[in-house]
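What follows is a set of notes on a single structure, which appears directly below.
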Amino acid sequence: MTDQHSSLSNLDLETPEKPFLDANELVINMGPQHPATHGVLRVILRLDGEKVLGLECVIGYLHRGVEKIGEHRTYTMFNPYVDRMDYVAAVSNGLGYCETVEKLLNVEAPPRAQHVRVILTELNRIASHQLWLGTHALDIGAITPLFYTFRDREEILKIYEKYCGARLTTHAFRIGGLQYETYTGFEKEVKNFLDFFRPKIDEYEELLTTNRIWVERTKNVGTISAQDCIALGVTGPVLRASGVKWDLRKAQPYANYKNFDFEIPIGQNGDTYDRYLVRMAEMRQSVRIIEQAVGALPEGPIMAKVPKVMKPAAGEVYHSIEAPKGELGYFIVSDGSTQPYRVRVRPPSFVNLQALDVMCRGQLVADVIAVIGTLDIVLGEVDR
Amino acid sequence: MGQILDYIKSYLSSSQTPGAAGNMFWVLVYILLVFAGLSVAVIAMNWLERKILAHMQVRLGPMRVGPHGLMQPIADAIKLLLKEDIMPAEADGLIFWVAPFVVVLAAFTTFVVVPFGPTHAITDMNIGILFMLGVSSLSVLGIVMAGWASNSHYPLIGALRSSAQMVSYEVAMGLAVVSAILMTSLNAEGTGTLSMIGIVQAQLAQGEWFIFKFFPLGLIAFFIFAVAMVAETNRAPFDLAEAESELTAGFHTEYSGFRWSLFFLAEYSAMIAVSSIAVTLWLGGWLRPFPNFLNNSTWDLVFSLFPGVTFLLFAAMCFYNALRMPKHPLFRVQTIGLAGFGVVLGLIGLVLFIPAVSVRIQDIFWFSAKVAGFMYLYIWYRGTFPRYRFDQLMRMGWKVLLPMGLGVLILTASVALLQQKLWHQ
Amino acid sequence: MVAKFRGTYGSGITPLTYAGQNYMAVDRSLIPEILQVLRNEERFDYCVDITAVHYPKREKQFDVVWVLYSFARNERIRVTTQIVDGESLPSAVPIWPAANWLEREVYDMFGIKFDGHPDMKRILLPEGWKGHPLRKDYGILQQDNEWVQINLGIESGQ
Amino acid sequence: MAPVATPFFFYLLSGIMLIGGILVITRKNPVHSALALIVTLLAQASIYLMLYAPFVAGVQIILYAGGIMVLFLFVIMLVSIDRSMRERQFNSQWIPGIIAATALGGLFMAVFTKGNDIFPEHALPMVENDNTQQIAMKLYGQYMFAFEIASLLLLVAIIGAVVMAKKRI
Amino acid sequence: MESMLHITTLHYLVLGAALFLLGVIGVLTRRNVVIVLMSIELILNAVNLNLVAFSRMWGGLHGQVFAIFVITDAAAEAAVGLGILIAFFRNKETVNIDEVNLLKW
């Protein structure tokens, strides 16, 4: 971490005034119904021929007022709602929320619960990255990885289904620990999955990493410097691909990540290819973490002592975890009643999406699609 | 009546293509045969592409309509024919209406000169290969017309992209073709030919396929052509015109029903057409493997068994899969259907063993087998490669393939000249 | 650090702690300077989040919260300030570009304006929507029926 | 290939060509004009085939219809035609233009009626089979110099077109 | 009638002349530069037709070779003409030939 605050780098946030009417500048609307915007993102592109001069994101098509709902539900009742934000990484959302409320209540989940949480969250990280890989490759035109990743993601979803009955919006964790004890054979199945999955990462990499077209399409596309990343608040794999070795699991360990041995993969150039490599490496690291967690799953209770009716003392807490997409933060204000006075979610996708403009300037239209894919946004989380 | 019969019979003893012999009856028969065969090939290709691609992508593909989805293309065709034919309100009616026909016509007309055998072509033109390249380049017009007439942004951009792409790659393609044509002039007279049949005969006379000629020059020219032909047909990884993540479906976005199916037909026919060019120019056309080396009657017999054996193999596959079908009563129809299909294939295979038939059919068989190899490559590309970006595609065409083509052309010419010099000494 | 600030700025700063997390309540008038100092001297170079809380019963109705993080110190800090309804705040965009959308969201949800923001408009809700939904006086079932009827052509969005 | 029903095909094709030519100069929409011109060119290629010039016909198809006309269509689509389609279609000097063209037509008629006899009734025999080879011999033998000049012309045209059309060099 | 059914060189020449006239009319009267350029193509094609017809008449190939040169020329002309057109359109936002009246713009 060198000194970054001497200058703000060359980010120009104001749109420069057009010098004069150029016949070749055109404005194109992409989305909200567009196959490559991963949901209902609408992008207004200002183009010079095929070159992007600037763009503006129009979001909010999926706004459901999750934060408002939170103010009208008890702490327990609000728990399932957070799964609906980043629905491809529902478990991470739940973990963040539960841990924040636990901080408010000043309780801590027992070690066994912590371990299971880590296992499920890391499985979720793999699932999220798999979904990202499939759709990102599809955007760039490689169809096959999509089916490979979905085949393997299925195994993770099966584990979820067996554990808590749901596949996507799992609601796996409860405030204070877990509701369900792991099912018989859970450890064995997770281990089987790891053995099954490890060669699969190589399979994905075989298809793409050295594929000339893939490299040409992703190298030096959507490059963003570490400085710009930090200035724009971009976190997660995007930040790490720009060369910043920062992961909340290491920087401010939550759950019991400090007990596990893993590395933070980083990239150098901050381009789309590096982000791809970082996410692939992250999947390998997740496998490593799960392996350790499953190997040392402690016995014991799975639920801490929490009151049936939760009434945390008045106060406010901000807690964040490293979701697959970046820093997922919860800011909860309690007024001492059974319902949170204010729930604020700091969604990683929302903040990362801000960087789209910077990443796309000077690129071609086809690259915008690659960059939207590489940012790995989920509109449910952007719009909440 | 007898006169007509004589007219019909008179061709049977000729050793020319019906077009060259001027026998209109047989020209008509051949046209019908070629177009029927082409339609069957497109239907089969449709099914095979979906099946092969599906298996590459760890899924099953069509399984419901008929055993292993064998009837799927027919069901699709019926669906497309029955669908409403929508025309956008702001579209340019006449051009919108004509465009698909132009594309189909261009794709089908090329088959006039495709030599399935020394006599199995509709006609043999003096400018055969030139005609083929020229007519297939006409499909660009249909694409531009379709994109423009739709009066919508995505089709227009798709059409501009695909036409720019096709025009650019035509240049490299032409250079590769010229270097192959140069090789045909390596005979005693020193004159080459543009005729498709003449090119294959030149390969027979020189005793090697042009892909191996002046190794590696022929191979490089073939490689250039093989890349350019994928770009010519707008297929993955050069399918920018139809990049569904960027342009939804490219120039045929606004088309539906029957007219859309014409574009589909044209795309697949064009794939077969360019593969036919590649097979003719570099892979010895209808020639069986080692026609000069293994040329005694035993080998002739062995190679004449191939068509029948292939069909018997297909039949065996059908029977094997019919046996593997679930033994549930609900699957009885499917099992019987698959077995019946196997019986049909087996019967075809048996018919192909009759010497009189196999002699006539084996040229066509070898030609089709080579083309089928290219078709498999097309599907394989689609399963493996991401899509190129437009500037990369143009760079590839103009800065890689074109200089390579020029270099190969010059080298081929020099080597040929050298050889000619030696020849005359 | 907070102690140092207290030395410099006096009673404008109140250090607070809850559940082991430090934050400071800062007087509205000190905000521009404090944010600048936090960024430039204390190296809080990452603006994590900007949000607000509505207390309709108070005279100063809004708490605005900046969540900051320093990569160099691996430390988080929260700065809160209280403002009355209708009062605007200086935009943090020149300090942290990341504040752009976050401030727009605060404006969208609470109606707090930020001076000097390059593009102060609604972000999640459509342009022309009436009301700011995260205010406590905005009911959970409430919506801008007029907007829905005009723009979507349906009776109600619910 | 023996020519079949020459008069029929000649009149059919020349009819297509003339109608196409008239459409080219009368259509409001340049795209329609271009398409009519393509039809004309293809018909002309067929007439070349009738005249035992298959190589020229092939070049006509591949270069004119497949190359030059695609270029035309491209440019028409790049420049917006909506405005020019609503405007007056004929320029300010159309009356003198028509008069000049009529005079030229009269001249042609006079020449053809007077000089009918200088053209021989029957064409000389010509072999089609090695047309391409013969043209190649001419092109690279007798007309070698002209060929080289033509390629130079093309080079100049390429550079000129690029310089002209590029926004900034 | 006999002369109508027997296609001689003159028939081709008349066809060529008609095409040539159409092209001349297009060049002289139309306002749209694109169509003027296309009319020039018509003229060149009329010339080509004559050349090939004469080549047939004399049984030599010189006419055909010349036609090929003319086609080359047409390609060069189209490229440069359309290049000028694009430059013109970019500066004047029109394709009207009446406005091409300045040597400098």
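Brief remarks follow.
Should a chain be cited, it is by its letter among A, B, C, D and E, assigned in written order, with residues numbered from 1 in that chain.
By our rule, a residue touches a chain if its C-beta (ideal position, glycine included) is under 8 Å from a C-beta of that chain, and two chains touch if they have at least 3 such contacts.
Owing to the predicted nature of the structure, the values given are computational and were not obtained by experimental measurement.
Taking the definition of touch as given, a chain qualifies here only if it contacts chain A and chain B alike; none does.
Averaging the CA coordinates per chain and comparing them to the mean over all protein CA atoms picks out B as nearest. C-beta contact counts were set side by side for A-C and B-D; A-C has more.
Between chain B and chain D, the centres computed from C-alpha atoms are 31 Å apart.
Note: centroid distance chain D to chain E, computed from Cα atoms, is 6 Å.
Centroids built from CA atoms put chain C at 65 Å from chain B. Mean C-alpha positions place chain B and chain E at a centre distance of 36 Å.
Shown for chain D are the residues that touch two or more other chains, namely 55, 59, 67, 131, 167. Residue positions of chain E with contacts to 2 or more other chains are 90. For chain C, the set of residues that touch two or more other chains is empty.
Partner chain C is touched in their complex by these residues of chain A: 1, 4-5, 8, 11, 13-14, 59-60, 63, 65, 67-69, 71-72, 103-104, 106, 230-234, 244, 246, 251-252, 315-318, 320, 327, 329, 331, 333, 341-342, 344, 346, 350-351, 353-354, 383-384. Across the complex, chain C meets chain A through its residues 18-21, 23, 39-40, 43, 45-49, 51, 53-54, 65, 67, 71-72, 74, 76, 78, 93, 96-98, 100-102, 105, 109, 118, 122-126, 133-134, 136, 138, 140. On chain D, the positions that touch chain E within their shared complex are 6-7, 10, 14, 17-18, 21-22, 24-25, 27, 30, 33-34, 37, 40-41, 44, 47-48, 51-53, 55-56, 59-60, 63-64, 67-68, 71-72, 75-76, 78-79, 81, 83-84, 87-94, 96-98, 100-101, 104-105, 108, 112, 116, 119-126, 131, 134-135, 138-139, 143, 146, 150, 153-154, 156-158, 160-165, 167.
Residues of chain B touching chain A in their complex: 53, 56-59, 153, 236-237, 239-240, 243-246, 248, 382-392. Residues 19-20, 22, 92, 95, 123, 125-127, 130-131, 133-135, 137-138, 140-141, 144-145, 148, 156, 160, 163-164, 167, 170, 191-194 of chain B are the ones that touch chain D when the two sit in their complex.
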